[in-house]
Every structure is written in structure tokens, then in C-alpha cells.
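You will see two complexes here that share chain A, one where it goes with chain B and one where it goes with chain C.
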Partner chain A sequence: MPILSVSGLSFSIGDHQILKNISFDVDEGEVIGLIGPNGSGKTTLFNVLSGFLKPISGTVHLRGKDITRAIPSKRAQMGIGRVFQNFGIFREMTLEENVLVALESLSKDQRGELGDLKEVVKGTLEMAGLTQFAKQKAGSLSGGQMRLLEMSRTFKTGKDLFLLDEPTAGVSPKMTHQISDLITGLKKSGKTALVIEHDLPFIGKICDKVIVLDVGEIVLHGKPSEVQKSKELQEIYFGADPTT
Partner chain B sequence: MQLLANALIAGSLAALIAGGLALVYGTLGVFNLALGQMVLIGGYVTWWLHQSLGLPLTVSIIGGLVTGSLVSWLTFELFINPFYKRHRFLPLVTTISLSMILDAVILLLFEERPLSILPGAKHMLEIAGVRIGQEHIILILLTILLLAIFAYVLHSTPFGRKIRAVVQNDHAAMSLGIRAFAMHRLIFILSGVLAACGGIFIGIDHSLTPVLGFPLTIKAYAAVIAGGKGNFWGAIVCAYLIALLEQLAIGIHWFGAFYIPAGYQQTVALLVIIIFLLFRPDGIFGSSSRAA
Partner chain C sequence: MILPTVLGFNLVFGKGKILHFGQEAFAIVAAYSVWVAVVRYQIPFGIGLGLGLGLVVLVALLLAWLSFRLEADGFGVMSIALHLVFLAVVLNWQSVTRGSLGIPKIPRWELFQSLEAYTLLCILVVIVWVVFILWLDRGKFGRNLSALAEHPWHAQSLGINRKRIHTIAFIIAALGALTSNVLLPPYIHILTPNDYGFPAMILFVMIVVSGGPGRVWGVIAATFILMFLKEGIRFVALPPDMIGPVRLMLFGIILFVAVWWRRDSIFPQERKI
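And then the complex of A and B:
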């Protein structure tokens, strides 16, 4: 059974249809890249999957359970973790508090499985390479550091499926490497992720499959090597095949 | 020194009301223009229980606080919740309507005459040349105790951290599993309880009149705007600062000859709003993000 199953999903605002009949499955342990030009509906799809937007038709199943009408906090408790394009951190809280509040939001059983929360906080900041800033406010970090904090926090809170919205956007090459390592570590531990990215080599490096969205529709679906060679992808991004 | 003591009394009252308002603005991003009337309801119900029904003061105060929480809960369910997710400015209109309804109800039930929860002369003390009532000292200390409890809950408990998370980034909070909408409701009710505390404070400090509602709302908004919209501690500090400004404005003979009549005291808060919106819209303690 796929961990995530999306079927016939459509979303519109007024007369403007943003997602059109989207269907795909994600198997456990897969890392899937979601690419497409700006305005193709990638972040909207993430907002529908994480419950911030309600679809006009279609269904979303998590481990076979229909979550189409579930609120965002319920989906998070069921195992969906989200990393936001515009930093999902609490800027006026310290780095320690940013991690602690995430752990405290888990169910009692989930917290019990993690053990001593102070140790988990310490481990999370070590994972992000931000231990020395533990007592600082998160708002004082650079963009890349904020991203590392958010990703490590999401990865450490026992989620099963991660929605990562442009994790390398506005991040230095060094930190892109660190983020890539985090996602690779996630994959090795058998977790599942959907990653929105514009960086095709990055997608090729970390993803098992790629879904290409254009004007709210899935236009390509396959392995990164196949999709990257596709003339359709060139046309979507550049308007025409640059080789012809 | 006497001006400082007066500012401490007036500031404590304003801090209670503005603190709750700052939390509501920080989490829901909405304006509650019926706040002043919610303050009065807490005070009037306490007066009614104590003076009309003859219940003990403590029981009457609890009654006032319970009524304040019920009124704020109903306000949230009927005038805020159906509207604020559609547009954050809609509750501005709905709560103006509510303030008018509540003004009429208060006037109908309690009439125009001033009503005091503890009528009669205050037990005055003289400390270092400052005259202050025993009741005032108790009210100031209770306000400080309440704010200290708030500080502890907000900064040292899981519940407080979740409130601050929702205030600072509600989408991120929801994606961690925090039930942000339930928090919104709870914070609104909490602000109603703080408002009711303010009403009881007024009723004990001097007296309640139906016309106080709107000036109280304006004063609380001045503190919230000056403190940085949604910044709980900024609003508290600015509530005390504005109270001090008011006392300085009417309590000093400027250049030894001129004085500002006491009736103009309310305009200080309005001036603070105008000056901050013009020159420092993020407030004294404001940053690009909301804070609690």
C-alpha cells in the first residue's frame, strides 16, 4: 500500500483552476521531486496535501486512510511534516525553544518513544550544526541556518512523510550541500519525502522519481534521468527545445 | 512621586486590558472594538452580585470573571469566528456593531449613574509623601502577580510555548500538530477574562459608567500600537508609559502657568496612536514578526 495516494485532486479560486485532476502514489521510502515553472501549482499542491487548502474534488489518502478533510494539525499528528518556502520557524523564540515546542506538540506516546526531550533538542541542534546558537533567537540566523533548523526539527519529530518546499532556495552552495546530506540521511532511514525544487542536478542527486507540473497538471512522471532528457521539460521551462 | 503612583494605578488597569488585546491581535490579527464594553461587563456584573445581591466580594469577583469569559466566548463564536478566516478586517465591522449593542444593554440594565463596587472613602495611606489607597496597592500588586503568572506560563510551560508559536507563525505551528484554531478561541477568551479583571479594577478603584467603553478600547489600542502590534510585553510596558504621559499631561503646570484640563486626558492615547502610525508603525518594540 502506498504511504500517500492522491486521486483526482482539483483546486480552484473562483473561476481560476489551479490544480487539475492530479493523481499519483508515493511508496514508503521514496523521495519524489516535484518540479515545474513558477505558478504551475506546486506549493498549492503542498498546501492541499498539508490541509491548509481544501480541494474542490478528489481525495488524499495517508496509509489508506482518507485525510482529505482533515485539518493541518491532525495531518501533522498523523505523520506529515512540512518545511515551508518562507521559513516555518518562530523567530522570537530561541533555537532550543523552536525544537522543544515541536517535541511538546507530539502525542504523549510519540514523546515517550523519543525519550529525554532535552537530549533530543541537543541532538537536533547538533544535526543542524547550530549547537553554538542554541540560546539565540531564531530570527538572528541566516536564511540557510533557518532552513537547517526547520528541516532538522521536522526530521527529528518522528514524522513519516515530509513535504519540503524549495529547501535550497536562497541558500549558499555550502549549505545546499548540508541540506542535501540531511535529505540523503532521511532517505537512508527509510523515510518518505516530496521535494519541490528548481535545481535539477539537486533533484537528480536525491530523488527516486520526478513529477513535472505545468499549469496545474501533471505533464511528466518518471525517473530523474528520463525526465531531465525530456524535450517536454525543456519546452515547459524555456518555451522551446533549446537544441532545435 | 504622586504622579508616578497615579500612573502606576492607571497603568496597571490599562496593562491588563492591553495585554489581552495584544495576544488577540498577535494570534488572530483582528481588531476587537467591543473590548471596552467587555471590560465594563466584568465590572458591572461584579457590582450587581456584590451590591444588589449582597454576595461576598470574592464570590462576586469570580462571578464577574466567569461572565467576562462567557461573553468573550460568545463574542468569538458569533462575531469573530464566522468572519476572520474570510477577511481579517470583517471583525472590525462586526465588533463595532457588538459594541453598540452592548452599550445599549449596559445603559438599559445599569443606567447612567456611576456605580462603585466598593463605595465610600478609600483607606488612604501616606508612603514617602505619596498618598495612595490600600485598595490601590492591592490592585497594583494583583496586576503584577497576574502578569508574573502570565510571564511564567508564556515562557516556561509547554502551553505557553504553543501560544507563542501560534502568535509568531500559525501555519508553522499547525504543521507541528498544534491546534491553532483552538488556541485562537482560548486566547480570545483569555483576553476577555483579562478585560473583566480590568472592569473589576475600575469598579473598585473609582466607579463604572456606560460611557467608559470606547475610551478604554482606544487606550488599549494605543498601548498595542506603541508596543508593536501583537507584542504582549511591548503592550504592557506601553500601557504604563501612556498612563505616565497622561498623568504628566494633566498633572503638571507647564511653564509654571498653563495646565491641560483633565477632560483632555483621553486625547493622549489618541495622539500616541497617530504619532506611532505616522513615524513608527512597528511600535517601540516592534520587529518584522509578531512576538509574545
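And then the complex of A and C:
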């Protein structure tokens, strides 16, 4: 059984249809890249999957359970973790509090599995390499550090499926490398992720499959090596086949 | 004695960043339901308190529901409207509330008849309330409320249930108003609608803004300072018709200074290249 099953999903605002009949399955342990030009509906799809937007038709199943009408916090407690395009860090809280607030929001079972929360907080900050800033307000971190903290926090909170929206946007090449390592580590531990990215080599390096969206529809679906070679992708991204 | 209601309001408006201007709606419902029942209809205090508790929780649920349905600015206006509707009811339902005459002869409990004993009781209740608010503020609830205030979507995607947390915040604000308005009328032996007008709401906003929105100790300090100024001005040798305008000018200056002092957070400077 796939961990995530999306079937016939459509979403529109007024007359403008943003997602059109989207269907795909994600198997456990897969990392799937979601690519497409700006305005193709990638982030909207994430918003529908995480419950912030309600689809006009179609269903979303998590481990066979219909979650189409579940509220965002319920979906999070069922195991969907999300990293947003803009930094999802609470700037007025310390780094410790930023991790703690996420841990405290888990269901009782999830918290029980994690054990001592103080140790998890410590482990999360170590994972992000930010232990020395534990008591500082998160607003004092650089953009890259915020991204690392957000990702480590999401990965450490016992989720099974991660929706990562442009995790390398606006970070240095060194940080991109660290983020790539984090996602690879996630994959090794058997977790599942959907990653929105414009960085095609990055997608090729970390993903098992790629889904290409254009004007709200899935236009390509396959292995990264196959998709990257396709003429359709070149046309979608560059407007024409660059070899011609 | 206004501290419980101000700290409750601070939780919603200051920490939760919800544009709620209906704190006085809670206060009116709390004060009138309890004291009309007890004084006008001779209902035992315990039952009157239960009635007040039930009604303020209902108003809290109504305001919470409206806050989920409306945009922030629309909710702000609606919460003011709700306050003014309750005030209009109190002023016009004369057979029950005695309108602008208010309800006199509000009794104190037998054990606390003397002013000293009653003051001591009030201080104890307020201390318990402050400890309760500090406990909430520094715990999981406070963190959840702050997270929702800063990034509602991010907080919800971590598993924080916005409706539950905000509803609890409104209920606590309502309980704060109930606490203040159960304590104050027996202290002065009268319940009058003049104490529940819009200027009282402005005072609450001013206290929270000058104390630092969401900061418990800051708001406590601001409550003492502003109440001291508000009441202390009575003792300044001014003609009676000057006291009101002077008080308003003083509060205006304090609000201006508070906003000026916090200008970097309220009006962050635009970065230019």
C-alpha cells in the first residue's frame, strides 16, 4: 500500500483552475521531486496535501486512510511534516523553544516513542549544528541556519512523510550540501519525502522519481535521468528545446 | 482589581495577536449576570456565579467562532459592535438592569465585610490569577499561542490546533473579566454601566501596548502605573470639569511615548540600497 495516494485532485479559485485532476502514489521510503515552472501549482498542491486548502474534487489517502477533509494539525499528528518556502521559524522564541513547540504538538503516542523531550531537543540542535545557540532567539540566526533548524526540527519530530518546499532556496552552496545530506539521511532511515525544487542537479542527486507539473497538470512522471533528458521538460522550463 | 481582565485580554490581543476589542463585552455579561441575579432576584451567590460563568463562556465561544470566520479587521470591528450591543442592552433593559442608574447595594460576603478583609481577599485572588497566567504563558499553551501569532500556517503544520488554542485563549480572557467583575462591584457597593463604556476598552489596549504586548510582567507594571495615574489625578487640585480632559491628554501622551519607544517593532524601518 502506498504511504500517500492522491486521486483526481482538483483545486480552483473562482474560475481559475489551479490543479487539474492530479493523481499519483508515493511508496514508503521514496523521495519524489516535484518540479515545474512558477505558477504551475506545486505549492498549491502542497497546501492541499497539508490541509490548508480544500480541493473541489478528488481524494488524499495517507496509509489508506482518507484525510481529504482533515485539518492541518490533524494531518501533522498523523505523520505529515512540512518545510515551507519561507522560513517556518518562530523568531521570538529561542532555538530550544522552537524545537520544543514542535515536539509538544505531537500526539501522545508520537511523543511516547520519542522518549525524553529534552534529549530530543538537544539531539535536534546537534543535528542542525546549532547547539551553541540553543538559548538565543531564533531571529538572530542566518537564513541558512534557520533552514537547517527548521529541517532538523521537522525530521526529528517522528513524522513519516515530509513535504519540502524549495529547501535550498536562498541558501549558500555549502548549506545546500548540508541540506542534501539531511535529506539523504532521511531517505536512509526509510522516511518518505516530496520535494519541490528548481535545482535539477539537486533533484537528480536525491530523488527516486520526478513529477513535472505545468499549468496545474502532471505532464511528466518518471526517473530523474529520464525526465531530465525529455524535450517536454526543456520546453516547459526554457520555452523551447535548447539544442534546436 | 482590573488586573485579571487585563491579563486575560493580553493573552488574546497581546500574545495571540488577535484583533479583539470585545473584552468589555465579557465584563458587562459577567458583572450584570452575576449581580442582577444576586441583588435583583435574590438568587444565591453560587448560582449567580455559575450563571455568569456559563454566559461569559458562551460569549467567549461566540467571539472565538467569529474570529475564525472573519478577517482580522472585520473581527476587530465585530468585537467592538458586540461590546456596544451588550452596553445598549444594559442601558435600555431598565426593568432588569435599572439602566444608567446601575445596581446599588451590592453586598460583600459575610467573612469579608470590612474594607481591609475584602481588600486582602481581592489581593489573594489577583495573586492566584497572576500565577495562573504566568504558568500558562511559560508553558505549552503560551508557546502554542506565540507560534500561532507569528506563523499560523507553520504552527498548524507542526500539529498545533489553532481553533482549540484560540478558543481556550478567549475563554481565559472571559474568565479574567468574570474574576474582575465579581470582585469590583462589592468593593465599591455599586454596579454602573459608566464603567463599561468604550474608554475602558481603550484603557486596556493602552495598558497592553505600553506594557509590551504579550509580556505578563510588563502588563502588570503598566496596569499599576496607568491606574495610579488615572485615579491619582482625582487628587490634583483641578476644576472638576478639567479632570476628564487632562486624563485623556495624559493617556494620549503615554500612548504616544509607548508607540514611539516601540517604533522599530511597530513601524520597522525600510531597508534601502
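Structure notes:
The definition used in the following text is that the second predicted complex is superposed on the first by the 244 of 244 C-alpha atoms of A that agree within 3 Å, B and C clash if a C-alpha of one lies under 4 Å from a C-alpha of the other, contacts with A are read in each partner's own complex, and residues count from 1 in each chain.
We take it that contacts are C-beta pairs under 8 Å (C-beta built on N, C-alpha and C of every residue); 3 or more make two chains touch, one makes a residue touch a chain.
Just so we're clear, the structure is a prediction, and the values are computed from it rather than from any experiment.
Three-chain overlay on chain A, with chain B and chain C in a clash.
Shared-chain residue A:157: touches chain B and chain C both.
Look at A:93: by the touch rule set out above, it reaches both chain B and chain C.
Once the two complexes are overlaid on the shared chain, A:101 sits against chain B and chain C alike. Of the two partner chains placed around the shared chain by superposition, chain B and chain C are both touched by A:72. Touch criterion not met for A:13: it reaches neither chain B nor chain C. 50, 52, 71-73, 76-77, 80-82, 84, 88, 90-93, 97, 100-102, 104-106, 157 are the residues of chain A that lie in the contact sets of both chain B and chain C, per the superposition on chain A.
Residues 140, 143-144, 146-147, 150-151, 153-163 of chain C are the ones touching chain A in the complex. Contacts from chain A toward chain C in the complex involve residues 50, 52, 71-74, 76-77, 80-82, 84, 88, 90-93, 97, 100-102, 104-107, 157. If you check the complex, the residues on chain A that touch chain B are 50-52, 71-73, 76-77, 80-82, 84, 88-93, 97, 100-102, 104-106, 139, 150, 157. Contacts from chain B toward chain A in the complex involve residues 158, 161-162, 164-165, 168-169, 171-181, 287-292.
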